[in-house]
Amino acid sequence: MSPQQAVERTGQRAPAEPRKGFRRGPATRASTKRTYVLMLMPALLLVIGIMIPFLNGIWTSLTNKKSYINDPSFVGLENYIELFTDESFLRALGRTILYVVVVLAVQLPLAILAAILLARSSVGSWMARRVLVLPLLIPPIVAGLMWKTMLQPSAGVINYLLGLVGIPPQPWLTDISTSLGSVILIDTWAFLPFSTLIILAGLQSLPNEIKEASQVDGAGPWNVFRHISLPWIAPYVVLVAIFRVADSFKQFDLVWPVTRGGPIDSTRLLHVMGYEEVFRFSSTARGMAVIFVLWILVYTVSSYLLKVWRRTINAVG
Amino acid sequence: MNIWTKAGSKVGFTTAYVAIMTFLLFPIVWMVMMALKGYDDVIAYPPKFAFSPTTENFRSVLFGDGGSMSSGAGEFMGYLGNSLIVSLGAVALSLVVGVPAAYALIRNRIGKEDTVAFTFLSFRFAPELMVIIPLYGIFQSMGLYDSYLGLILSHQLITIPLIIWIVRTFLQDVPVEIEEAAQIDGCGPLRTLVRIVLPVIRPGVASAAILAFIFSWNNLLMGLVLSGGTTQPVTVGILQAIGFDQVRWGWMAAAAVVSALPGMLVALYMQKHLVKGLTMGVGK
Amino acid sequence: MHRRKAMVAAGAVAAMMALTACGSEGSTTPSAALPELPADAEYNPRAFEGESIRLLFIEHPFVSTVQPLIPEFEELTGIDVNIEVLSEQQGFDKLQADLSNKAGNYDVFMTDPLHNWQYAAAGWVEPLEEYIASDQLTMPGYDVEDFAPGIYDAGRWTLEPLKGIGEGSTWGLPINFESYNLTYRPSMFEAAGIEVPNTYEELSVAVDKLNESLPSDQYPIVTRFDRYWDLTYLTFGSMAQSYGVELLDEEGNVDIASERGVEAAELFLDIVKKGSPSDASAFTWYEVLQGMSSGRFAIAFNEADLFASTYENPDESAVSDDVGYALVPEGPEGRSTGAWIWQVSMNSASKSKGAAWTFMQWLTSKETLLETHLAGNMNPVRLSAWQDPELSALVDEWGSVNGEYREVLEGTAEIAAIRVPPHPELTRALDIWAEALQKSYFDGNTEANLRDAAEQIERILQ
């Protein structure tokens, strides 16, 4: 039998819609619904609490507010038009998109690989599972500062170690061609564990019976992986992608304390630009506009990823 | 598969394993070393791997000043306590609110299920900078500033999306037959959730809880702006190592190590649930 | 479901409009709201007994020198004091959140002229001159004339964009200041056979000689060079000023790309390129301090003079017995340095202004400031401070010969001033200039980059 059929026989994914034809009386249906609504309400209330500042921010971006302008006037989309005709904004936009794409391209495969390595039961795995969580426990801003000092070209330990094996010193964060890549390196160190842990949990939730059943059929490890494990963990991978997309679009803590957007503007991501506009240059409205553009980007990409997520769920069973 | 391919792949796996482990571990090791170095060893070049360790930094963090030249004794431990209260509280609240919400979203169509769920997630998209200044104003006028409750509520922005979505992904893997069996027996949705489904998705809830705790613990901006002298979290405390003219690396490293301990304990505790694989044989 | 959603949305919009309305009150013309006191009352430190104030201080040695003195203040006045200390970036971020919401959470805060130009323009800072002038509110013997005039005047501004420093309202009281000098390693100079350079040209020659004599892991020069306003406001700014170049010239035109401006920039870049390691473009003042203390550099070029307290401390630096100080080099238009002044200001939304003022005047009084100087708060802002024998003895040993630090400092004080036009968006302008310099470091098109920057700055300031 095919791997597909094996899955269907031994354990299905719960379908996204409730089972039709399942008999429940109208009264029970209503009270069930009420319970569900009650369960949902607290979460919704919290959500509303965030909406107000958020909407305030959008409103501000439609005015000419600077910190020293006490009654700002409505200017409509002027700030946005200004931004999209500003070269430095467009560069920051492109840079941020590039950053997100590279982060995903590097961290997703690495996380899957790491999860596979850890799922194999062995002493190494046991240790690895405990070690994995360590980088996560360092606040990003501290991690950034630590890496900054390690990556110092003339005085840092990384170049020193590279020198011991004959590799010439790299400029890392101090040259415009390598600075963004170095930030991505730090990001990977800080967040690979996060991605790996989620995918690992997904891998471990794969029922053993399914794997065993297909192996009995003579499927080699690569085939098992491709046709069974991969589709099974696909929703987890997409979930990781959704989180990583949101977080890397918004990346700030790893950039500002480390490079302040420099050298020149090679690491000025959109969130950094938004921070500068609001907190350093007093241009509150412009900063909010930058941040709102950022939000729209994240929202759009994540909506698309959500569709992908649903497809991966329905793909199995 | 012949023996050479097997050996080859084993070597490949081992190399990958060692590479990833080194990558993840080296900075940690370097940081711990930094925490044990005196200031002149920290800034020395070439970098020192052999040095005479000192416990001065740890002593200073645990018992002495708060790291800056201006704080009082034992302050850092106070920050640690604050972070514990806020992060544990935030995760607890998110679990109580979020797990049932995730369940409700999966099992019943309330309007468009995915849109609602996505709205929860979308608050993770909001850059904190966008909301933090108005939020400060709101907190001040509502008296939530510098309060544990206020911080716990503001951290929901971080923890709820994580919990709802991770738990939801795990819920998708739960066979419906299990719940149907319970419902035939007369269990309402809440009981079904607690009695039947939760034990099955325990690894998922544990992962979600650990990650939510860690992200909440590491958060800087909320704690900086919305807390005052009483509730300052540990992230703000660590940054006090940044003096006006120099960064006190040794102290910062020691503070980071100390602040990582609660997270490690939480993770270790939760690992018990994580490591247990999901046994789908329930009720079969 | 739709109806509920609509109601929620409407509610949110209403709330948001209410919030925006809240944020837009406040006048643009400042007026102090002095606390009322009975007409014939004399100065009484206990006039505001029982009130409590909250301070926001930025991490600085000053803060640790003040904290032990706070209990004395509380005893003297019966006012309860709460202090929050944050490092620079976090502190100013939080201050901005508080001030822009007019929440009045902090009554007194540490600040500086550059930030105050933004805050005062927004109406967030309480003007102080009426407090100072009032015999009822201010202690006799406060002696406001005792402040070094240039330093004190930097805290005054008429709120006119681009002009009026030193006139108009007083927005902040100074507590210390920092200026710039050449800090050098006498032993390295001896080995290279050079004297302390007097002009920037001589400095360039000195760098060449040092390059020949220094081992490969040591460098002649270190200076901050990140694309941040402090480069053009303070360190390179000092050099530019000695070439007669300020951000705006007398007619108010942007002057940075003039012939002299380009000349100064090119010389600066040349010196950094040949005298500093390749990652110099990422150096902030942190790297300067660390680098100099660890002995890797021969000269800290146009860098902060109060780093001396670290250099002279054997626990913190490897060069404590081999460091000297000299005035900044001379340019074609003489010698000049900028100054960074820390001040305290009062929140205009404070609910305890009387108590806040009591604290501020106590803090900046002769006695209190002197005590902080003796404990390490550098550099003194009151002329009377150096009369104190203990204080002069304290810094006597600093430098390659006795009294060197003090001598250089006194010389510096004569040429130090803030020579930038006050404007709430000055930070952006200075940043743009700094970015042009950094760009030129990488691509060598100094003149073109400076011209571009000048155009951008024109648009912002005009």
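Note that the chains are named A, B and C in the order they appear, and that numbering of residues resets to 1 at the start of each chain.
Keep in mind that, in the parts below, a residue touches a chain if its C-beta (ideal position, glycine included) is under 8 Å from a C-beta of that chain, and two chains touch if they have at least 3 such contacts.
Just so you know, these numbers come straight off a predicted model, no measurement behind them.
Per-pair counts of C-beta contacts peak for the chains A-B.
Most remote chain with respect to chain B, judged by CA-atom centres, is C. We define each chain's centre as the mean of its Cα atoms; on that basis chain A and chain C are separated by 39 Å. Taking each chain's centre as the average of its CA atoms, chain A and chain B sit 15 Å apart. Chain B and chain C have Cα centroids lying 38 Å from one another. Shared contact sites, meaning residues of chain A that touch two or more other chains, fall at 52, 56, 155. Shared interface positions of chain C, i.e. residues touching 2 or more other chains, are given as 19, 89, 93, 96, 100, 296.
In chain B, the residues that reach two or more other chains under the touch definition are 45, 110, 132-134, 138, 239, 247. By the touch rule above, chain B contacts chain A in their complex via residues 1, 13, 16-17, 20-21, 23-25, 27-28, 30-31, 34, 45-47, 96-98, 100-101, 103-110, 113-114, 116, 118-135, 138, 153, 156-157, 160, 162, 164-166, 169-176, 180, 183, 188-190, 203-204, 207, 210-211, 214, 217-220, 235, 238-239, 247, 249, 252-253, 256, 259-260, 263-264, 267-268, 271, 274-275, 277-281. By the touch criterion given at the top, residues 8, 12-13, 15-17, 19-20, 24-28, 89, 92-93, 96, 100, 118, 121-123, 226-228, 277-279, 281-282, 291, 296, 424-425, 427-428, 431, 435, 438-439, 442 of chain C touch chain A in their complex. Contact residues on chain A toward chain B in their complex (touch as defined above): 10-19, 22, 24, 31-33, 35-37, 39-40, 42-44, 46-47, 49-50, 52-54, 56-57, 110, 113-114, 117, 120, 124, 128-143, 145-147, 149-150, 155-157, 160, 189, 192-194, 197-198, 201-202, 204-205, 207-209, 220-221, 235-236, 239, 242-243, 246, 249-250, 252-253, 271, 274-275, 278, 287-288, 291-292, 294-295, 298-299, 302-303, 306, 310, 313. On the side of chain C, the complex with chain B involves touching residues 1, 19, 22-23, 54, 57-61, 63-64, 67, 82-90, 93-94, 96-98, 100-101, 103, 105, 217, 285-286, 289-290, 293-294, 296, 304, 307, 310, 315-316, 318.
Residues of chain B that touch chain C in their complex: 39-40, 43-45, 68-71, 110-111, 132-134, 136-138, 140-141, 145, 224-225, 228-229, 236, 239-240, 242-247.
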